[in-house]
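Letters A, B, C and D name the chains as they come in the text, with residue numbers starting at 1 for each one.
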Amino acid sequence: MIKVGIVGGTGYTGVELLRLLAHHRDVSVEAITSRSEAGMKVCDMYPNLRGHYDNLTFSEPEAKRLGAMDAVFFATPHGVAHALAGELLAQGTRVIDLSADFRLRDVDEWAHWYDQPHGAPELLQEAVYGLPEMHRERIKSARLIAVPGCYPTAVQLGYLPLLEAGLIDPTQLIADCKSGVTGAGRGAKVPSLLAEASESMKAYGASGHRHLPEIRQGLKDIAGSDTGLTFVPHLTPMIRGIHATLYSQLTAEPEDLQALFEARYANEPFVDVLPAGSHPETRSVKGTNTCRLAVHRPGNGNTVVVLSVIDNLVKGASGQAIQTLNLMFGLDERRGLDAPAVMP
Amino acid sequence: MIKVGIVGGTGYTGVELLRLLAHHRDVSVEAITSRSEAGMKVCDMYPNLRGHYDNLTFSEPEAKRLGAMDAVFFATPHGVAHALAGELLAQGTRVIDLSADFRLRDVDEWAHWYDQPHGAPELLQEAVYGLPEMHRERIKSARLIAVPGCYPTAVQLGYLPLLEAGLIDPTQLIADCKSGVTGAGRGAKVPSLLAEASESMKAYGASGHRHLPEIRQGLKDIAGSDTGLTFVPHLTPMIRGIHATLYSQLTAEPEDLQALFEARYANEPFVDVLPAGSHPETRSVKGTNTCRLAVHRPGNGNTVVVLSVIDNLVKGASGQAIQTLNLMFGLDERRGLDAPAVMP
Amino acid sequence: MIKVGIVGGTGYTGVELLRLLAHHRDVSVEAITSRSEAGMKVCDMYPNLRGHYDNLTFSEPEAKRLGAMDAVFFATPHGVAHALAGELLAQGTRVIDLSADFRLRDVDEWAHWYDQPHGAPELLQEAVYGLPEMHRERIKSARLIAVPGCYPTAVQLGYLPLLEAGLIDPTQLIADCKSGVTGAGRGAKVPSLLAEASESMKAYGASGHRHLPEIRQGLKDIAGSDTGLTFVPHLTPMIRGIHATLYSQLTAEPEDLQALFEARYANEPFVDVLPAGSHPETRSVKGTNTCRLAVHRPGNGNTVVVLSVIDNLVKGASGQAIQTLNLMFGLDERRGLDAPAVMP
Amino acid sequence: MIKVGIVGGTGYTGVELLRLLAHHRDVSVEAITSRSEAGMKVCDMYPNLRGHYDNLTFSEPEAKRLGAMDAVFFATPHGVAHALAGELLAQGTRVIDLSADFRLRDVDEWAHWYDQPHGAPELLQEAVYGLPEMHRERIKSARLIAVPGCYPTAVQLGYLPLLEAGLIDPTQLIADCKSGVTGAGRGAKVPSLLAEASESMKAYGASGHRHLPEIRQGLKDIAGSDTGLTFVPHLTPMIRGIHATLYSQLTAEPEDLQALFEARYANEPFVDVLPAGSHPETRSVKGTNTCRLAVHRPGNGNTVVVLSVIDNLVKGASGQAIQTLNLMFGLDERRGLDAPAVMP
């Protein structure tokens, strides 16, 4: 049994880890922390977990107790993992960080977007970006994982086959992304109220969003060169789900885009390329770790459109984190992640 | 491996059986029928099932093929099970009917509410009403199960402890029920459109609804005498879930209502009595077979209010059907039904 | 032109006053206050008002400036009108209070439910309960109006014809009410987030809610004697709307319930009795000051079911407030309140 | 009083015409037709109209009766206006067609996208494309108006200032559009059910959509040359609203994009350019004829992003139709179209 702890367990990615791990037969959640709710039973906050974690209680985050775990997930705002990760690694505990703390390799860029100095630059060297479809082998031997953001996951998986094949102009990418409101977290903010966010659609961060440098870094890793990306996220009136609509310009006449995508992801357990002509729905992946993709070439012209959907809390966060844990501990990558979506 | 077939697999209870059975380790779905979609792969209709039932295809309903199964679920409109059940039973196949065909014992009442003669009165004698919390032992040895309706399940489980204890006036019951739109099925009807049903609330069938005689029959079985019930269902702008708010009048001063409910359901795996003062949310049971209950006595007066929530497609249909199958085949009642709700 | 001010203009009832008054040809909004947003243009907070109030800016609440108005609306939390109303009345300004400050005549009951002493008991004598269908004549000459709460409006209008006619047992009333989330106000609270409140249904306050004493007082005024009421509110996944389902027991054989309701409301511009057998939808009154009613007698039995729908922010708050203003200033009661609902 | 008729009054654009015209002081709706509902009162289908059109009844479409009107709106599927428009024009009745029948000038293209021959090519010459921001003067003297589609309206108004100024490459346009479900009409189709379309997001028609040729034609009229447009519509889980996110590439260094947009639309009553840095919400225009725009230039780079929101049933259909009627009959363009959006 792999003993794990969760730091920051009251947010949506925290409870999602609990939900998914409830049926992971090789993992036991031994600790979950929350400064604000210490002493409260997790079931009292999340009644869906009654009967599954009846004796699990939020505790204060203590490095010593967490250091007794085999692995610790950080489901925290940025900055927290910076402060604790080193201490845990020193005790031999593997760290899987769902926050943005170790995603950017450039500390200046991190400081720019997060408006504070990077708190653990000495750990960046060994942090592995936890996108298995790109870095599976490195993940297997990693001690510290930076779990990708939700938008970056959907966007990178969509562009990956095209960029690897060198078929598109990497300087002309446009990612129009739509996210459910859980992407904004569980904080009590007026714009996230049902009365404000439902029955409406709006863009945000059109002039710049924290996920932009992460996506750019990831796409550069794939393409081998700098990319030019326009990224516009939109708040969508639904709880979960990201729909990324990805535009790019062909630089060469491709043989068969459908075949290219199918071949690239043939052995990926969590990427599902739909038949030609399909339009994936976010609900088809709700609660699951699957990314569903479709590739279109409207009017047989120069523009390629990739449609990429994920559940922002699963493949975009907690599910991908568990996928990396499975890899790190030599388990079947799909362990605990194989239930179909609830639909409708 | 228990071989099962599903008749009428294109509706919401059909796909919900598939979803739940995808991880039932003792059951294999060998056939699924649909006259209208015969030849179509189930994954093409329900992309959430891709990767789970890639080779399962809708077929015409043939009694011979279905008769080779150990059990057959009917997820059909009323009347279909009447026509086929006898033939299947004769071949030794057990029948679990999710429709209304065998729920009412009185054929005249059935004919009145369903506007056609009862098609299989000779089978009524052995049909067992599939509410395990009432009829567990009879279900274990049954060949033909009438799975309760969604409203009847939520209402009966809420009143059951009070009626068994003889604490309330059985002639003064009021059940105000709210259901998500999947309760109306997958038929293409204008009132079920998102544009019509969202951002609104309305009652329907206030002067009479087909579930009324079923609930009355069930409550009479519990109370031992005729009951007087007013039942008003409401269409609620959400996909799944039933919230039953159940009013009754005390006839005796009770000792401790909370303790009464907790004791009655102490050994029930799928009924969860919340702590005193709670208000269950339908989302806490979404996708699960659990019924969550809370009991209130406002102002310490004469009126008892029970709040009862279920997922109409699980405990109100397909999950309960699987629960009865587990009982009929000697399995752990919870097999395949133990994932927590996706929340948020 | 009637000059009006709005105290507490950032909440949902405040902006709703602005929306409705935008086309009230006899009213000019001259001042709107907000301590937290003083200096902000209302259009910057509410872009739907761009082009209508381009020069209106939130200001600090000053009694002197407000005292120059003909009338002032309080769209504030409880306690604020207590502090300011007296001073405004002394300056000859009429006060229309949308909060709970002057709804209960019993100061002890007020103190009990609002957990603080009543702040202006000397004004209670002249406060008029602003339900035109009950108190139209008194409203016309009032200086201080207590605008009814949203639930109390829907419930009283539903029971009124039955209680006035003495047809039902006033001690056996059950009001099962469903409200959209704007009923909880614009405060940033986790349970009001889209991610928490959508796709779910739950009761709250089942053991006691602040609107209970107000409804009881109102029903007693109608019935002429104490009433016994069980009131259970529910949070419904929609923005606006209240659906009250009202149960009562007949004490005499009525002649014709439909005719009774139609006759009682024949001259009421904002109460619409639907044809027999109807089920009103909340969306049919969205954005309007109308209450739509239907009356049922299931199975021709002893129980009467009244279905009553309003928009909680209009007939349940700001619209009713304007209706009382129209009456106080001798205008057509419907002025500014006659646009049909946006549907779908 | 301008006497108008509505052909095809049971759909969403039909009822929206009725809602908006209820308070148009110069227009009287004298006839409304529906083959399927002839004889039904409009209030029985649309209870929000009770009290406004109590005596209006759906009738069979008769050219003679319609020909007695000053103007007739067609709120019909394509093909109907082809058959009737000529006859009405011959009787001196002006025709405002909300369908696609007269939008495309090229009859072959029309036949290609609508899969049937064009039914009235002889009328194309005089049909005026009813986008007042482009064709105001021609609309004033028109007898036959082709009201633009919903997507085309949002897209053209967003690109218009940039194309007119010659600042962007017209061959590199990408319009990523999100629409509420009323865009699909009131037909009873499974994908439009609340249970299917809510809590999900998906693209459709990525490889080709009927609005594409209309947008291309309109953009060409603006740009003066052929344009290259990629258009991907998405189904969004809300009732009303279109959010168009419009990408283009600068070909020259612009002076001030914000000033350009503000100047272009300074005198347009229904186009509202938001302050720099804004993100318009669809709910801010719900029920209104306004288009709200914001222009962004992310990272001060080469890509311009325009955000354009409208209500698909108002500025995208019925409101724009009334705007053209106002122009045709010499009225203030805003008549009947000036209520602010209901928000929240």
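Definition applied: contacts are C-beta pairs under 8 Å (C-beta built on N, C-alpha and C of every residue); 3 or more make two chains touch, one makes a residue touch a chain.
Keep in mind it's a predicted model, so treat the numbers as computed, not measured.
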By mean C-alpha coordinates, which chain is most distant from subunit A?
C
Two candidates, A-B and A-D; the one with more touching C-beta pairs is A-D
Using mean CA coordinates as chain centres, what's the subunit A-subunit B distance in Å?
37
Any idea how many Å lie between the Cα centroids of subunit A and subunit D?
39
Multi-chain contacts only, two chains or more: what residues does subunit D have there?
12, 182, 195-196, 198-199, 237, 239-240, 280-281, 283-284, 286, 344
Within their complex, state which residues of subunit C touch subunit B.
174, 176, 178, 195-196, 198-204, 206-208, 228, 230-232, 234, 236-241, 243, 245, 247, 277, 279-283, 286, 294, 296-299, 301, 303, 305, 307, 309, 344
What residues of subunit B sit close enough to touch subunit A in their complex?
12, 15, 19, 22-23, 46-52, 182, 199, 239-240, 272, 274, 280-281, 283-288, 290, 292, 338-344
Touch list for subunit A against partner subunit C, complex
12, 180-182, 186, 188-190, 192-199, 237, 239
